[in-house]
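Please find the structures below.
One chain, subunit A, appears in both complexes that follow, with subunit B as partner in the first and subunit C in the second.
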Partner chain A sequence: MTTTYSVTAPVPKKRARPFENLFSRQSLPLPAIIFMIVVTQIPLILTLRYSLERWNLLRPERRAFIWFNNYINILENRDFWTIILNTLVLTLSVVVLSLILGMLLALLLNREFPGRNIVRTMLITPFLIMPTVSAVLWKNVLFNPAFGLLAAIYAMLGLPRPDLLADAPMASVITVIVWQWTPFMMLILLAGLQSLDAEQMEASQIDGAGRVTQFRYIVLPHLQRYIEIAVLMETLFILSVFGEIFVTTTGGPGIQTTNLSFGIYQEAFQRWNIGEASAMGIYAIILANIVVLLFVRVLRRGRHEGVTA
Partner chain B sequence: MKSNRWMGFGLTALTYLVAILVFFPILWMVLTSFKTEGDAFAFPPQLFFSPTLANWQIALLDSNFTSHLANTLIVTLISTLIALGLGIPAAYALAYYPTRRSDFTLSWLISTRMLPPVGIIVPLFVIFRDLGMRDTHLSLIIIYTAMNLPLVIWMMRSFFLDVPQEIMEAGRIDGTGLWQEFRHIAVPLVRPGLFATALLCMIFAWNEFFFAFSLTVTDAAPLSVYISSFKTAEGLFWAKMSAGATAAVLPVVIAGWFAQKQLVQGLTMGAVK
Partner chain C sequence: MLRSMLVLVVLLFLVGGTLVSAQDPVELTIATVNNPDMVVMESFTEVFEAAYPNISLNWVILPENELRATVTTDVATGSSTFDIVTVGMFEAPIWAQNGWIHSIDDLAAQYPDNVQADYGFDDLLPGVKLGLSYENELYALPFYGESSMLFYNKAMFAEAGLEMPEQPTWDQVREFACALHDPDNGRYGIALRGLPGWGEIMAPLTTVVNTYGGRWFDENWEPQLNSPEWNAAVSFYVNLINECGQPGATGTGFTEALTLMAQGQAAMWVDATVAAGFLSNPEQSQIVDDLGFAPAPVGPVAKGNHWLWAWSLAIPSTTTHVAEALQFATWATSRDYIELVGTTNGWATIPPGTRVSTYERAEYLEAAPFAPVVLGLMESADPTDSTRDTVPYVGVQFVGIPEFQGIGTDVSQLIAEALAGDNTVEAALARANEITREAMEEAGYYDG
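For the complex of A and B:
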């Protein structure tokens, strides 16, 4: 997949240089490029190839080329559509919630107050923690129906102790991932807020603009580029979320919390269905590409209206 | 004026409250790691207790923990070194000696970073199996190098571009060769950036789970895979589990605290500074 998202940087002027240096200088990136081609592009082509085969590792003797049958079979499977829906619900909820919460946190942190560095450090920590640790922590310490902290809070309020991972699995998984990813949004938006022109803010204040007006007409347009980048990157990461789901719900109950990544993992490494897993992988790549294309589209429109710099 | 001040206090108090709330699960994990197993199960949960180091002793001396820690360390450090070794010269050339293909190369590198891991996992598994490389350090080192290489190139390129051209020019006039120019002028000038980039690579490799879980079984399984096996612990050994989990995340959390400023740059491939 190719995208030309923000590939603009100042390029130093070309200068005359000795011919003998030309080869060695410009071939410096070659080892890195060759490495990346071997490790990412060759597997990509092989995924395409495998996706056209009937190939189950448990019955290797039945391996055969079957054209697009895997793709068709997948589309006819109702579970696949549930998995796609789960993926979209999960990704959209996490991105929207973490964007809103991250924005609020960034606004809170964009002030001078004692202990600001410590507070920021505390707030980014969930993002630094190994996803499997976060998931184990939430599953056992917070969600556990018998001894978990949330159960304790419910009990203190005189309510029956809930089994959140069983009663509201998707909401629970979303909660864990939002907790992890809100710091990501916060950090990027905070960087945006701190690059705001202080003079412009003061001028607007003198002109009598209230805080809400200021936010709507100065802060938000300024942040647009930051929001776009943060949302795009996070969307791509969340589309591929795996560890949190594996640890907390194992995709269940049933397939209620199975997303595309987890579904492909099961197809490949539990059912050993290499062919269909590859075809699902291609669908995952298509989905990621659709997201990127939508973004580039939205971005271009924004540019035409002259909203962004 | 006075109401503004009160609002300031209120906002600060709110910020503290939110920070404590967000941080609380982590704090709880750390506290639990110093409890006895009995205290860890106490209901209602206890905030105050007499601390013990027993769990830490058990967790850190457990051969399961140490062997997986060794795997994580080997894979993280070697993959980071290779990514830097391949990426820095590439970034250097892309920054100072761009060609017509440079823009394409750079955007292609981003696209490889955005490729969903599930899009290539099946062939990688098959290839490593056929080469007899399943459950080896080398398989993960190769993958993590590829995972971090675009990041290294993009970040280091932006650091190289930040160096004032005059300084580079001054060095070049002395007629130094390419290697001297690279080694003695360019690299020292971007050392802080280099340090931050290395930290970021280590954070990503240390925390990675999907490839590790798909490609390793026991011999080469890193900590992230080991920790995931606690999912079925069902709270039998919470205190020991907490000690192990805290130890597993500590190096990366500290690295992340130090690299806070560059974190944003790394996460957005240098698009946001």
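For the complex of A and C:
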């Protein structure tokens, strides 16, 4: 059909095509593209602009254009490097831990056992609770050393009441976030497991593969794409996690649990320093890109190895 | 048929529209904080609208942090979302200086008819008025005010044979706290704020620093955080909490400490006077009958030991309904309003700490046994004179400069680290002094 059309097509019409293309077929996605530009790129451009200004909201008279001074100031501030390190430690540990836990739970839920649906629903629940709500629960009901559950259990065992949010702040925050994000990993991996061909598993069993071998050479390669997408999405979300930190530790003690988003919040709404907060935002974008690229690299390489092995 | 119906609908809309616009009252958008007293104010919307049919009220009620962020960005960027904003004693003079809010004195002179009848500007507590003024002009009207005081559990004191002096000192408080401290049975000698934040730990801690003779800045805006006075005060505070105070210090803010006190888990607590109302309310407190009050403890220096704060109503310069806004602001902070709340909801629930006349009402004194102590504290708190040495700033538990929110928060984080035992007080204060100086330098305090 198409070949006959192109052969018989008259020359003048062909000349009109660029015009036609511009205003008809190719222009169809234009509104969507423009909309996307408006909602995503304009805020970015504004942020870029603000990041070049010295602008403290409470000192309007001192507003001035200062080129890249904000960026330099931030790099010279040693707290910034602690914050970057915190962000990376937090993100990596949460993603890795929730991947392992999510995988274990998904493998468990992939088996038939009575009450599976109820168990599945209960396991998903942490992800459905709002981050701030779950953080309040953890902080007051579990972690509180005076009237929290953990303190009560410790006291019953005759141990001193622990103040986990002060003694091990980063580990506590990681625990709260892992608790919340494990269901996400579990759900995606479970979907992957359920699309696994049962005949293939059976065949490998006949060939004498044990459970571990099956998992290593059939299940894991099959789940590769699912793991990739889950890790990628979760990384992006955890990089910008805020509510849990705001509620449980407010970034402290000191800045031990301040990550980039919380640091930006403090810069913008505690110090009212719009310029430096914007510059930190730009650094956050750069960091997110680097981390995601690294993750994709590692996972891709892992897959090639998996194929050749 | 369809068309005629359509015409009818359009006509109805037109008629309805003109009818509405003919009587359309001016709508005031009010931003306020979600404290119980403000929620009571909102519940009287209909009373106000009935008295002033030309004005209708639209409320935006937010938690303190969010309110501050929303209102500050709104006012600073000149978008005129709000006709009345709720500001604290910290913001009022700074915003006045930036020209963001109207001078109430000017407005009252300009629109005398829109000031609530029998308002009585002279009846406002002098310290509160001073804290809300800039260059001798009043910029915000106090809705409720508070100081800080010592709460203690009388039953625990009686049991241990201890007696609270009329004006306790911090050393005495430490003795009491350590005598009553029994963590194995879930009883703590004292509850004090340890949660980072300039409005959390820094409020009580700054009063301790004041009364130990310390100050935030000297006359040339040089930070004094590494001074011996600061070291002594912060070490005292940190040791007191860690040795005879509540566990989970760095997570304890006003609410957490209130819970400990109200459940009878803490023997003492130094915090906002507004807590007296909650602790005397049987629905919220288990220690109503055992509740004792005393003025905030003093150290070597007998001033600055109790703070002063007032949530107040201010009128942003961007509003187009100045006269109506003035009408509401003076109504909500008037004697009539206090009378209204007292007779409707009970006298214990009126917004306290704004007017001398409140403390002369027999009904209030009867309903609130803590009132005389509070009045004494409110009257003696002086935001312009609360340190041993002279300072270039105004404020008891804060420094009235825009940079303080950032500085106070950063310093509080460092002190929280010392409180959690991850750093020494000395090292934390040295670093705090360093970052404070950097922030002040960046803000241009040493330029000229």
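Here, the second predicted complex is superposed on the first by the 258 of 309 C-alpha atoms of A that agree within 3 Å, B and C clash if a C-alpha of one lies under 4 Å from a C-alpha of the other, contacts with A are read in each partner's own complex, and residues count from 1 in each chain.
Here is the rule we use: a contact is a pair of C-beta atoms (placed from the backbone, for glycine too) under 8 Å apart; a residue touches a chain by one contact, two chains touch by 3 or more.
From a predicted model like this one, the values you see are computed outputs, not experimental measurements.
Student: Quick check for you: in the superposed arrangement, does A:Leu28 touch first (subunit B), second (subunit C), both or neither?
Tutor: The answer is first: A:Leu28 touches subunit B but not subunit C.
Student: Quick one: classify A:Arg62 as touching subunit B (first), subunit C (second), both or neither.
Tutor: A:Arg62 contacts subunit C only, not subunit B.
Student: Once the two complexes are aligned on chain A, which partner has more residues of subunit A within touching range, subunit B or subunit C?
Tutor: Counted on subunit A, the partner with more touching residues turns out to be B.
Student: Does subunit B (first) or subunit C (second) touch A:Phe269, or do both, or does neither?
Tutor: both
Student: Tell me the contact category for A:Lys139 with respect to subunit B and subunit C: first, second, both or neither.
Tutor: The answer is both, since A:Lys139 touches subunit B and subunit C.
Student: In the overlay, answer first, second, both or neither for which of subunit B and subunit C A:Ala203 touches.
Tutor: Neither partner.
Student: Return first, second, both or neither, reflecting whether A:Leu294 touches subunit B, subunit C, both chains, or no partner chain.
Tutor: Once the two structures are laid over each other on A, A:Leu294 reaches no partner at all.
Student: Have a look at where A:Phe147 lands relative to subunit B and subunit C in the superposition and call it first, second, both or neither.
Tutor: So A:Phe147 meets both subunit B and subunit C here.
Student: In the superposed arrangement, which partner chain does A:Gly252 touch: subunit B (first), subunit C (second), both, or neither?
Tutor: So A:Gly252 only meets subunit C here.
Student: Taking the superposition as given, does A:Asp163 touch the first partner, subunit B, the second, subunit C, both, or neither?
Tutor: In the superposed model, A:Asp163 contacts subunit C only, not subunit B.
Student: Where on subunit A do subunit B and subunit C both make contact?
Tutor: 139, 144, 146-147, 155, 248, 250, 269.
Student: In the complex formed with subunit A, which residues of subunit C make contact?
Tutor: These residues of subunit C touch subunit A: 65, 68-69, 72-73, 76-77, 94, 98, 183-184, 186, 188, 195-198, 246-251, 256, 259-260, 263, 265, 402-403, 405-406, 409, 413-414, 416-417, 419-423, 439, 442-444.
Student: For the complex, which residues does subunit B have touching subunit A?
Tutor: Touching subunit A from subunit B are residues 8, 11-12, 14-16, 18-20, 22-23, 25-26, 28-29, 32, 41, 43-45, 86-87, 89-90, 92-99, 102-103, 105-112, 114-127, 142-143, 145-146, 149-150, 153, 157-158, 161, 165, 178, 203, 206-207, 209-210, 213-214, 223-225, 227-228, 230-231, 233-235, 238, 241-242, 245, 248-249, 252-253, 255-257, 260, 263-264, 267-268, 271-273.
Student: Report the residues of subunit A in contact with subunit B in the complex, numbered from low to high.
Tutor: It comes out as residues 1-7, 9-12, 14, 21, 24-29, 31-33, 35-36, 39-44, 46-47, 50, 105, 108-109, 111, 113-115, 119-133, 135-142, 144, 146-147, 149, 152, 155-156, 179, 182, 184, 187-188, 191-192, 226, 229-230, 233, 236, 239-240, 242-243, 246-248, 250, 260-261, 264-265, 268-269, 274, 277-278, 280-282, 284-285, 287-288, 292.
Student: Would you tell me which residues of subunit A are touching subunit C in their complex?
Tutor: 56-60, 62, 73, 139, 143-147, 151, 155, 161, 163, 165-167, 169, 248-256, 266, 269-273
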